[in-house]
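What follows is chain A paired twice: with chain B in the first complex and chain C in the second.
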Partner chain A sequence: MKLGSFEVKLEKRVALRGWEATLISIFAILFALVVFSYIFLRAGVDPLTGYKAIFSYAFTSSFGLPLTINRFIFLLLCTYAFIIPMRAGLWNIGMAGQLYAGALSAFAVAYAFGAKTSQNAVLPAGLVIPLMIAAAILGSAAIGAIAGFLKGRFNTNEIVVTMMINFITYWVVARMIKEGGLFMGASGEGDGFKLPESIYAPLIEGVPFTLFIALGLALLLFFLFAKTSIGYQIKAYGKSPAAAKYAGISPFNIPLLVFILGGLIAGLAGYHYFAAVPGVYKITKNYGEFGDLAFYGIICGLISQGNSLAAIPIALLFGGLTNGGRFAQGKLKLGFGIDYALLGVLMITLVAFQFFYRYRIVWVRTPGKEASDVGIHG
Partner chain B sequence: MWEFMVRSLDASTIFTIAALSELLGQRSGILNVGVEGVMLFGATIGFMVAQTTGSYLLGFLAAMAIGGLIGLIHGFFSITLGSDQVVNGMGIWILGFGLTTYIGYPYTGPLGMERIPDILGLSPFFFVGLALIIIAWFVLTKTSLGLRIRSVGENPSVAEVSGINVARTRYLSVTTSGMLMGFAGAIYSLDYNPVWSNDFLMGWGFIALALVFFSMWHPFILLGGSILFGTLWQLSLNPQLVLPDVLSRYIWRTVPFAITIGVLVLMSTKWFSSRWGAAKPEALGLPYEEKG
Partner chain C sequence: MLPESIKHGDTVLEARGITKRFPGVLANDQIDFEIKAGEIHAILGENGAGKTTLMNILFGLHQPDEGELYLYGKKVNFKSPLDAIGLGIGMVHQNRKLIPAHTVIENIILGHPRAGAILNLKRAGREITELCDKYGFKIDLKAKVWQLSEGEKQVVEILKALYRGAKILILDEPTSALAPPEIKRLLDSIRIMTVDELAIVPFITHKLPIVFEISERVTVLRRGRVSARLATTETTQKGLAREMVGRDVIFRMEQMTVEKGKSILHAENLVAFNDKGVLALKDVSFSVQEGEIFGIAGVSGNGQQVLAEVLAGLRKPQGGKVILDGADITHSSTLDFWMKGIGYIPSERIDVGSIGEFSLAENFTMNYYFDDRFSRGGIVDYKEIRRLTEQMISEYDVAAPGPDTTAKSLSGGNLQKLILARVLSRKPRLLIANLPTQGLDIGATEFVQKKIMEAKKEKAGILLISEDLDEVLSLSDRVAPMYEGEFMGIIPGGEARRELVGAMMAGLKPKVEQL
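For the complex of A and B:
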């Protein structure tokens, strides 16, 4: 394409530098937010007013900020659950199923200690809370392992398997918390039973302690992929499973390992949202919405290109956007599902922008009269 | 029991058409894992248009138009830009799931139109599904268009050398495929269960995707698989018809998904693939850059 004395060309990238990837990601997010303005316009709201309402509620209001932080922790954990298999070139879209399994396992421990009997029951928190977390990790790792095992052993498509497990666990949760299920709450309104106050997860400065687990994982994963041999093996498998096999990397162990790790972290997300967020402390009847929210992990993972540190600001932004979006939807009468709509718009924009990870636009001055003139005048 | 069988065949119709559309795209080498998203679009837009205009015909046409458009977009990303087809398909699924939740929400509730008349108790779309299977089989195996579609799915370089326009053939396949996916979605929301609610498909599209793998890319096997899963799905909704008071109704809902995993694993075993696995389109999921 020619523009004046310039020619615009597409050129294949040889390598993608860190700052280039960052720039593309920022452009993609901005582009998605501009496209998303249409939703505001459609509702007769000035997009700037709309975004201002979202951001000020999410990041500056004393009601909104804690909710944003809770969502941020949840999204960051879901992102890591997605990133680890992603580095091995595998798709874990089963965060929802894994976090349901984690929540169910954690609540099973609480149930075993008699947590369902009374809200005032005094349980040994020092024992029950660590056991709940351990159960969440084990339960979700086991669920994750299914997809990893099947991939490693039979090369079964992990997308279909993890998605099927999402639906299976979705219905298992329903079985457990509804219609006389073991974890059914006393109110009978479809929620699970509420945890006794004695085993509420500890808060640090009003923030669930799971924040520090999530941030710790950020460092751990960064180290894993940057410095360790196992991280190298995962990446090598991700580049080419066949080539990795020649280098002595097991085509069975790697898928199994990444799905166990991914599942385990998703289980922490399940523990976090249902057992550690103030005001929740039960498997809520709208648990499916948290499963849906987990899909933001895919977007965070893709935008951050699998970098666990880069995922932090992105998860924070999306935590704020979804939380503020829910608020703005009520305040500005935008209609239900604005956070879902944003999810869709962000994802498809990202898909379109992945083109720029492989190509770049270059401006070339076309040789001609003008060009030689420029040469003379320096 | 008769009613149950009829209802199962109605459910199979949706699986048949959705899976057939995916099969068509895959035979040309384009994988679309976002079947569920395209179906959600077709179902929601079809529902909205039908309810607003009071015309089923317009509803179905709108569903096919939006499906075709999404197919075209998938084609643009996958064929022209050569991006990763799995990422594109995921994008389409999440776009469909997210956007339809928002735009469809004001339409929550029953369609409120007179039901589409049945033929011998069966949904007329059952016969449409059968016809489409036969047409697809005929076109794919007996016509030069079908040969072109199969050859770009197997070996695009050879196809190009023999004078076939790879990109155009693939665009044709994915767009038609998208239209059929939209159509399948609209059959769900306008005929099978004419009530709009949040994320109502709950896995139909993903099972349809798995059905294509089960079919070994053959329309007739696909029909058989669809009828099996349609029946299974219906059974999971009404377990009392066969096994009253055994297991919770929620646990029954997990059965089709569990069986899908089971069959998928069976099909991925060496034993199976060494016998029948060769049917998979050789160039499936791989972007192609034209040499000429």
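For the complex of A and C:
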């Protein structure tokens, strides 16, 4: 495109710096909010009022903020469950199934200690809570390992396997918590049994301690991929399985490992939501919604390009918007689905703006003919 | 447009002042040349000299920024290859553009104006058979293209061009994938074509001897310009290379005898399948000593790739043993092969030997992430690897801004230098070099061969796999021609006669007295 003596051109980027990616993402978010203003206007709401309702509830209200934080922890863990296989070039679409397996395993430990018998049962928290977490990790890692094993051994498509396991585990949970299942709650409303207060996960300043696990994982994963030999092997396999094999990196171990790690972290997300969030402490009858929410981990993972630190603000944004959007919808009497529409617009813009991760817009002076005699082309 | 009759020596195609720019690059700069009927006129140049651009302009894929093309004295302006084909220009690509699942005849008539909705295969078959008889091509028209050898596929491309009525035939690296007997047959056919007043324009990068065998005149390109126009009778290989590279080039590496040490590698009765499950390695045994280059000559696809992969630990053999320094490592992991001192330079340098999106330092890490000197307690010392990469980049003269550039930005020759630097920096006991100079220009080839000789001097055992007979013969202490998964014999390199090795590559097992 020509503008006077200048020409606007797209140029392929050689490298993308961290701050450039950040700036592009911020522009994308602003762009999405501007676009979505149109929907607010159509609904007869001043966009500023709309956004204020969403953001103030999500990030400043004493009711909304804890909900946002709990969702943020959940989303961040799901994002990491996705990121690790993603760095190996593999797609984990099975966070839902893995977190169900984690939750069931954790509650199995509680059940074994007699947690179902009474809400007031006094159980040794120092023993039961670590065991519940360990069980969540093992259960979900085992489910994750299936996809990794099949990929490594038979080169089975991991997307199909993880997806199918989601369906299986979904119905296993239903079997366990509903209609006479082993973990059925006393209320008879379709929830699982409630944990006794003595083994509620500890809160720090009202926030589940799982927040620190999630933030700790952020640093750990960053370190894993930036410094360690294992991290290097995962990345090499992700960029080129053939070259990785040539370099002695096992084409069986890497898929297995990343799915075990990914599954394990999804299991923590399951423990977090069903056993550590204040007011829940049970496998709720609407557990399927959390399985669906886990898919936002894919979006957060893709937007952050597999960077565990960049995933933090993105997961926080999505945690806040899922929460504040629903609230604003009720408060401003907006139509059904407005919150999902906002998330949709945001996701599409963020993904579309990744175009600028690879290209940049440059202004060049229209060159004179003599200017191009540099170097040789074959 | 085509004139009624063309006489021998008439100028058929003339380029005047062809100039083509790409962003930041002047690919062709004022190129003039002419082709005459019945003439074979080679265009010679290194990678990056502007050959491809010129070829694409002649074939209508690119339009020149300046300059004109004249066909039979009339100015022409090709908007696309269709225009060029319509005016009798045929192109035989190096990367064959055929449909593997179709038969030879179907490929030949594909896109022919007369092959309308209803195919008349019988008539086409008759006409193509006539062409074959005339020019001495032997090919089964009903064979599927995937069943053909590289040489046969090339014949199909040539027939396709001739069947479309080509009077000017552009050949892109016509001999690079052919076995010696196939080369001879091709040259014979081409000579018959010149009698028919066809003009033949082969584009050649690295096989200089062929220029003398094939052509009468040669135009040499260097850095986008014509650096010389010569009759082949007036020049020598050395002279041509000087025009191409701009300096003197060593052709045959000085053979040097290094005192042979003890035996490093024993391959015992190796049997292995290829990816398609076909037996590709049938009972191969040999050994390589310290300070020895063991060359394997042969046309690709005769089991060399499978052999290299078995010896690099990338493929498990069905039978036999790989013994390195006395220890049986047949069943060890690929990583063990590296750690025990095997260094492998793969033929697929882009897909296997390097990772394009990784930086050069990260590419170096491929051979060092497991090395105690660069990785302690599972933590990789990237700083140290980066330093090593920097050092090797300058030592191996890799044209790159620095260790943080991505590998995909390197040219083929520089990428090969990087891989060579990486593998040799480990000081391997046994170096396996699989087609190490394939596709490289003269300068880079010379460099790679020099480094292989240096490794030999440092007492590494070297297994050299090459399709280039001159390379194998000049570098190797012993040569094993390979055919259909077997060695046709093992003969001393220095004394090996070219003709004998060529015949063995084509499947001849000589009697002992012939050696």
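Heads up, the rule we're going with is that the second predicted complex is superposed on the first by the 353 of 378 C-alpha atoms of A that agree within 3 Å, B and C clash if a C-alpha of one lies under 4 Å from a C-alpha of the other, contacts with A are read in each partner's own complex, and residues count from 1 in each chain.
In this text, contacts are C-beta pairs under 8 Å (C-beta built on N, C-alpha and C of every residue); 3 or more make two chains touch, one makes a residue touch a chain.
Model, not experiment: these values are computed from the prediction.
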If you stack the two complexes on chain A, which partner ends up touching A:Glu7: first (chain B), second (chain C), both, or neither? neither
I'd like to know which partner A:Ser250 touches here: chain B for first, chain C for second, both or neither. second
Spot which of chain B and chain C makes contact with more residues of chain A, would you? B
For A:Ser240, is the partner it touches chain B (first), chain C (second), both, or none of the two (neither)? second
Which of chain B and chain C A:Gly337 touches, first, second, both or neither: first
Contacts of A:Phe295 with chain B and chain C, given as first, second, both or neither: first
With the two complexes superposed on chain A, say which partner A:Ser229 touches: chain B (first), chain C (second), both, or neither. second
Tell me the contact category for A:Trp171 with respect to chain B and chain C: first, second, both or neither. first
Note which residues of chain C are touching chain A in the complex, please. 21-27, 47-53, 223-224, 312-314, 333-339, 344, 346, 348, 351-358, 362, 365-367, 369-370, 375, 378-380, 382, 406, 409
Which of the residues in chain A end up touching chain B in this complex? 39, 91, 93, 150, 154-157, 159-161, 163-165, 167-168, 171-172, 174-175, 178-179, 181, 288, 292, 295, 298-299, 302, 335-338, 340-345, 347-348, 350-352, 354-355, 358
Using the touch definition from the top, list the residues of chain A that touch chain C in their complex. 14, 227-230, 232-233, 235-236, 239-240, 242-243, 245-250, 372-378
If we count contacts the way the header does, which residues on chain B are in touch with chain A in the complex? 33, 77, 81-84, 86-88, 90-92, 94-99, 101-103, 105-106, 198-199, 202-203, 206, 209-210, 213, 248, 250-251, 253-254, 257-258, 260-261, 264-265, 268-269
